[in-house]
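Paired with subunit B in one complex and with subunit C in the other, subunit A is shared by the two complexes that follow.
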Partner chain A sequence: MRNSAVILLTVLLLVPSVEARAQPSFEQRRQRLIEVVAGERDRSFFTVTAKLVTGKDKEFAIQMLDSLTTDQSIGGMFYSYAAIGSYLRLRDQLPDSLKAKMRNSFRERTMYRGDTENHWVMYYTGLYLAAQTWPNEGRSQWYNGKSSDENFREAEEWLNLWFKTSSTIGQGEFDSPTYFITFITPVLTLYEFASDPVMKRRAQMMADLLFADFAVEHLNGNYCGGHSRDYPEDIMNPLSAPAALWAWLYFGEPQFELWQETRYRPRHRGGWETVFGAMSSYRLPEIIYSIATDRSTPYVHTETKRVRNIIRFGLEKNPPVYKYTYMTRHYALGSLQGGILQPIQQHTWDVTFASDKPYNTIFTLHPFYSGKELAMFFPEEQKFLSDEVDRYHKIYTNPNKWNSSSPFEQTFQHKNTILVLYNIDKGITHPHIDGFFPKNLDERSIDPSGWIFCRMGATYVAFYSLRPYEWIEEEINWRWRSFELMNCIVVEVGSSDEEGPFEQFKRNLQARSPALTGGGRNPTIEYTTRSGDHMKFTFNGPRLLNGKPVNFAEYKFFNGPYLHSERKSGVVTMTYKNHVRELDFDKATIKEWQKLQ
Partner chain B sequence: MAKTAVRASRIVAISVAVVSSLSLYAQRLEDGRRNYYAAVFLNRGHVSGGASSNIGLFKRMSSDTIWHNIYRPNLFTFGIGFWERGATRRYYIAGGNGLHRSTDEGRTWRVLTTWKTEEILSVALDPVDSSILYVATPFGVFKSTDDGSHWVRKMKGMKRWYVQRLVVDRTDRRKLYAAAEDDLYQTTDGGEHWRQLGVGVPGILSALQHPQQTAVLLVGTEDHGVRVTTDGGRTWSGGQNLPQTSFYALRSSSDGQALYAGGYRTGLWKSENLGRTWSLVSPAPNVEAIYSIFVHPDDPKHLLIGTCGQGVYESFDGGGSWKNIGLQGAHVKQIELYP
Partner chain C sequence: MLRFSLIAVFIAGLCCGVVLHAQQETIYMSVLNSRRHRLGAVDNPTVGLFISTDRGATWRHRGWEYIRAFYAEAGLDGAIWSACGNGVLRSTDGGTTWRITTGWHITEVLKVKVHPQDPLAAYAATAYGIFKTTDGGETWREKNRGFQKPFTSDVVIDRAKGSRLLAATEEGVYRSTNGGDRWVLVGAKNKGVRTIAQDPHDGRAFWIGTENDGLFVSRDEGAAWEPAQSFPKHLTVYAIAFDPSVAGVLYVGTHGGGVYRSLDGGTTWKQCSVGLKNLDVHSLVVVPSNPRIVLAGTLNGGLYRSTDGGSRWEFNSQDEGQVWGLSVR
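What follows is the complex of A and B.
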């Protein structure tokens, strides 16, 4: 009753400035980023825009923009939204001849739509804004032979569909530290320049959703837990991921400037999309900032996402993905349920440490690859898909790769404990399991009990392999490797907050030894956590917690202390202390209120 | 006696040479009004959304040796189509951005589909009514009856949605065949209903109807060679002598005397008995895979093959010798001779 007694402080916020309360240093950070990007020399619409907005190197910037509009060798979805974003930001200061060239870009070059979710978001954002900018033009005036009106309607229709899908069953390319930029940047561009107030509001809501989704799994700039798509360097060194720069800008973490640090710099070079955020009038709602930065109380957060479009070898186009993440102020432990949920770049589970050091993570994987796996998601000939993917992603078939989905890997997580079962078919090309242990851990020791104990700062990790393994020394990490086709990893994570001294944590675990039973297709692991919970997990079978099955079907769209949503409801509710913000995607409304204390 | 025989054989040889030259001349004269079109899906180093790199629709005039990119160097192009009646000509591109159509000899193009039909893997055209179009996509068959203005998904009876190819029957324009993930499907009512033809193996990659004996159908499969029916799909058998690998391309000479098949590390294969037995065309060009085959309609010994990453090869002697004729690095999905 008390909970339902709410005071509706703000109903239907149509004007963004009503809610826009910048974080104390956000203005300084965004100005700083614009200045930094304006000083860069790489040829991109982002750099050009920053230069012209600040008046820095104006002549050079105009030349660069000219070359971007006339170079026929570039084009596509990345070009499309960035080009129109620059045009709309700069049009009052561009010479007419250059404006004509930019218009011509949408007439004479094909803006290729691509074949991924992020491609389509960029493509249709670009098309929507271009058609809005040059309305009432005939079919001959557009690269695709469609009129302004036809293009506008098509783009609007798809963008609305994407908002609906993303707010009801989730993104296919969800929670990607690498690809976050390819969603948030076009969405903020749409928010900034869409003339239709409803589209503008939906873009604002989508930006809120993307940031809130990030915020609940955010720790000190790191995008934690399981990810749909991630590049190896971003997995090994999470603050190298482009999403970290957005965290710096909007969440104020990490507290140092990432681009100043050579250990993080490379990924940000040439990828200054974040500057579109810095120039945007969008302001992060304070509640999302609080959710992203308050780690005073540990919590469990679960989510449902969706598998990327399956075109072959499946009976369901977008089966659900189940995410589980445990967040504390010192670390996060997060996982997907395992199996093939994304081709190429899946990151199924990890521990991420809140640390000033790079390589602040531990995880394992099975380096699986197959043409058939790729053919589930791509229409090309499966015999060549592995090679084709290798041409660009380089490491897809590599036995040492650090990103992979595998049908032979499944997880079961409960709070700060995870069981990872591996059950690899005979004859698989890479019949081993790898684990990443950074060399810069403060401690790493192999205990006679079989546990591997690690410490980074205040975070403790205990890692147990039920079957034999070996260590391989590499430049920045120890590679834990097991050639056992059937194996199980047990990982317990704790911190000084929960465990006291590291030695105490070790003592709590030394007497615990997990047991692997069964065989063939259904190995079973049983384990009692240090907090006394009994976990029993069978490969391709049930996950039992204290004897009770964990039912994924009961997972909400979002469920945790900060974010809640029922699947397919289209209503996402954020809660922080007595502050509530509700996004209703069906009605395109945003409500905020405060609960009575 | 011997001198007479030699003289006679010389006369025969000269006559054959003259006839052959005249035939070649006539063919070139005819070809002067036609051009080779090649659908290029990928090229070395191409990245979706990255810099352009010679993919799209290519055209080579028969009198020329150079392929010209005539439509968009960044368009993933899976297939092409052509429709002609009287003075009306329509060219189609099945591509990543949708189904494109040109009504002005390729000078301008219009995308006929929207986001609702994703990557178009192939196009099939009603031979009589140009307003009726079919496309095969990873999400099923779509049909338009109003020249591409509206599209309806036509999947009734299909168990899986991935469809690679569509073939319109030569005797009945409402009858079509769909090469799908799990089987070859047939419709007899313009796509309203589909039924499985029970090829016996999954992964149908290509399909061909014999130009004369229309009850003869061939399908190229994933890992199971080529399978053949001679009774319109009631019974199927495997093409003999063929490697049990993936066959992407099937083609017939215009008279149906020779059938060709190619695929993953197969070389080019030929059958002269309706696909029952096959022999390797020797020497086969050393290519990774054959994606497409073209047999010249006026000269069955004049062959072109589109490869996976090695461009186009041409043979004038029925596959005895081959010469690479360009598009190096390209994955060539289809080759046709159109005006």
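What follows is the complex of A and C.
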């Protein structure tokens, strides 16, 4: 007996999605999105599908689809799932010749599998659905010389492995405001078209998991805190990331129509994958909607992810990533533990403001790069990798970059306070630390006490550097830069809810001065927060909170008021008030019940 | 004296244009990537496998047009095996059609080597270790027992003793004497080994190239290893190739140093990079039917061809391409 106070209204799988509160507006939003995308001229499977579903520009759309079908420049994995998704949705209205051409593309064109987690999800989703669509065909009928049955089994096996990995130790490309779309879009395509009810259910569960994972770190359309990888534009301006459009569609936030806001348009204009969500029969469970939008009570959420596959220079393939997020209605402060967790595009920590203004974030980093870092994750030689990344991703070796992992950066967060320790080796190419401070902050002042006080709306940030720094004015931001190899910053975040007036917040901090002790290779920072908690943090050493060590080994897969999961259990429990939804990935079951009030 | 003789033979070959192998060979070139491919330009928009039957003068693309290809070679039966982004591919019709022989388990395949006597047997060197097939790629088995860390970038099958293998790993060179069932670290300990080659004139001699630690040689079937005499110790070595006709003549492709040549079995070395506009040489092959012709594949500089044993190089093809692998049969 689980609990006499709990009434189990458990129905395996068959619980209908109940977004009663949001359903009407969701319907409006999804219709609007389909209409808008149907009116676009971007050459993509998504615009084509929207046009043909709505009957808009039909002839043009057919021509576009025809040209896409034969366009070899679309990478295999991007082609694979999007093409089959369009085909399955549109096949009743496509001319036979075009349908034959689309079938033929899976016989003749290159379907490159790629080398990242998102590539494989897209590739195997496409392969699975294509093999399902054209079953019982021999090896000569497929681009890879495998039969329908062989392709189906391989894709099914890998997708099930990915579901299992993602629900037990987490994604390697986790919580990315950009790459989120490369997971959720194929998963929803799989959900929509998989004939096997178990695969369909697992896809539904995976969609739930992806959205719940987002929801708990979501604030007004922003995917907050640390994440595995993203582009600088989206790190500086979080609402420009594609995840914001998904947030708008499913969470109803941000509160404005994203596509009409020109300031958010430039880079991802044309990334209309979201329309596959709008056309999907998947409905977000209300509990996830509630988790994403109820910010009435601040909370701490922790979770465990995994480092992307380490193939060299490591003893462990997927060491854990420990993520900590403090969420309020005005801001979120979130962080990863630091170190190299993902090559090239890591974003280790930030403060995100709930604001309609762009550039609603503050963060710091050490702009690290090395061939060895790349060679941990890619098989080519170190020197070649450095040259190659510099060649195609100039930003990687740029001293001014805004995304980076670094072995010389570590964090210790407790609620709305974070300590970020930097201990940079001599001889490193970029021996400085950078901080992003948007120019459109309502206030930014340097206090005689040493604190830098910032305000955006109702959110207050206090930033303290233990060692000297300078300011560099740039187009949209002030760049805080410190050339000290050993430094620590202390960041305290608050809001009018917690602190009252900004001046009160300042006064609470002016008398506090963090102390950096120890030297050599392992500096130690000690600091007592404005809440009275004592934090002591040694680089490569313990993190002590009020004298007690923080033990990462005790981190759950998810742990917070809304999401809970033991590591490696494969069972994820969502809780919102008296609603509970449980995903059991091993059993491929979904349960929902309500606790008695 | 020996050195003088070798040089004399080599020069004689160059001067007289001796054709030592009458039979025309097939050369396989694997192009991993190309800037022009990325930019969608038209002169070499494709990557993947290219084949030449005229000693590298001209090339024909075969198979997939957009596949990241690391290395390809053909077995005794003519079947072509390719290590590429999707795993190990095999073609039994000269590259017209291909089958991906591996599944999701096998990825990041850097080399595939076909057994010299058994065309259905092959070994794949991957980021996750060595995999072996004995049935033409229908099934693959992991062969990692003995490795501390599985990352391997090359594997060589002893052409005389097919059960003896050498593997290039991030921890040094490993040897197996039982077809990969067990591996033992035998040399270049803690050095990142990237490439291995067996001397065609002395089956007991093997050479390895490392990242940042130069070239090593073993003259006792891989049991003991020593740095190659007078070869720059700091260089990264990507490729090793031998003149199949004249013993003691070998070429080494390096990162940043272009091609090095030895005419005396590795005792002395000379940098031979005249004409190379890109000095990151990742692949090399000496054309058996005319060993004066040497091909050098560069990283982002395309393919270069020398007709005088490496003394001068001329650009051949794959402008701005990454010619990752070259082999010949």
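To be clear about the criterion, the second predicted complex is superposed on the first by the 578 of 597 C-alpha atoms of A that agree within 3 Å, B and C clash if a C-alpha of one lies under 4 Å from a C-alpha of the other, contacts with A are read in each partner's own complex, and residues count from 1 in each chain.
Quick note on the criterion: contacts are C-beta pairs under 8 Å (C-beta built on N, C-alpha and C of every residue); 3 or more make two chains touch, one makes a residue touch a chain.
For clarity, every value in this text was computed on a predicted model and none was experimentally measured.
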{"item": "Overlay on subunit A: subunit C relative to subunit B, clash or fit", "value": "clash"}
{"item": "Which of subunit B and subunit C A:Lys439 touches, first, second, both or neither", "value": "neither"}
{"item": "Contacts of A:Thr110 with subunit B and subunit C, given as first, second, both or neither", "value": "both"}
{"item": "Touching partner for A:Trp158 - first (subunit B), second (subunit C), both, neither", "value": "both"}
{"item": "Partner chain in contact with A:Arg521 - subunit B first, subunit C second, else both or neither", "value": "neither"}
{"item": "First (subunit B), second (subunit C), both or neither touched by A:Lys548", "value": "neither"}
{"item": "Which superposed partner A:Phe78 touches (first subunit B, second subunit C, both, neither)", "value": "first"}
{"item": "Partner chain in contact with A:Lys394 - subunit B first, subunit C second, else both or neither", "value": "neither"}
{"item": "Residues of subunit A that lie at the interface with subunit B and also at the interface with subunit C", "value": "72-73, 75-76, 110, 112-115, 120, 124, 139-140, 144-146, 154, 157-158, 161, 311-313, 379, 381-384, 388, 391-392"}
{"item": "List of subunit B residues in touch with subunit A within their complex", "value": "41-42, 45, 47-52, 72-76, 78, 96-98, 100, 108-111, 114-115, 118-119, 121, 138-139, 160-162, 164, 181, 205, 222, 246, 248, 264, 289, 291, 308"}
{"item": "Contacting residues of subunit C [partner subunit A, same complex]", "value": "35, 38, 40, 48, 64-68, 85-87, 97-100, 103-104, 107-108, 110, 126-128, 149, 151, 153, 170, 192, 194, 211-212, 236, 238, 255-256, 280, 282, 299-300"}
{"item": "Complex interface listing, subunit A residues touching subunit C", "value": "72-73, 75-76, 110-115, 120, 124, 139-140, 143-146, 154, 157-158, 161, 311-313, 315, 379, 381-384, 387-388, 391-392"}
{"item": "In the complex, subunit A residues that touch subunit B", "value": "72-78, 109-110, 112-116, 119-120, 124, 139-140, 144-146, 154, 157-158, 161, 309, 311-313, 317, 379-384, 388, 391-392"}
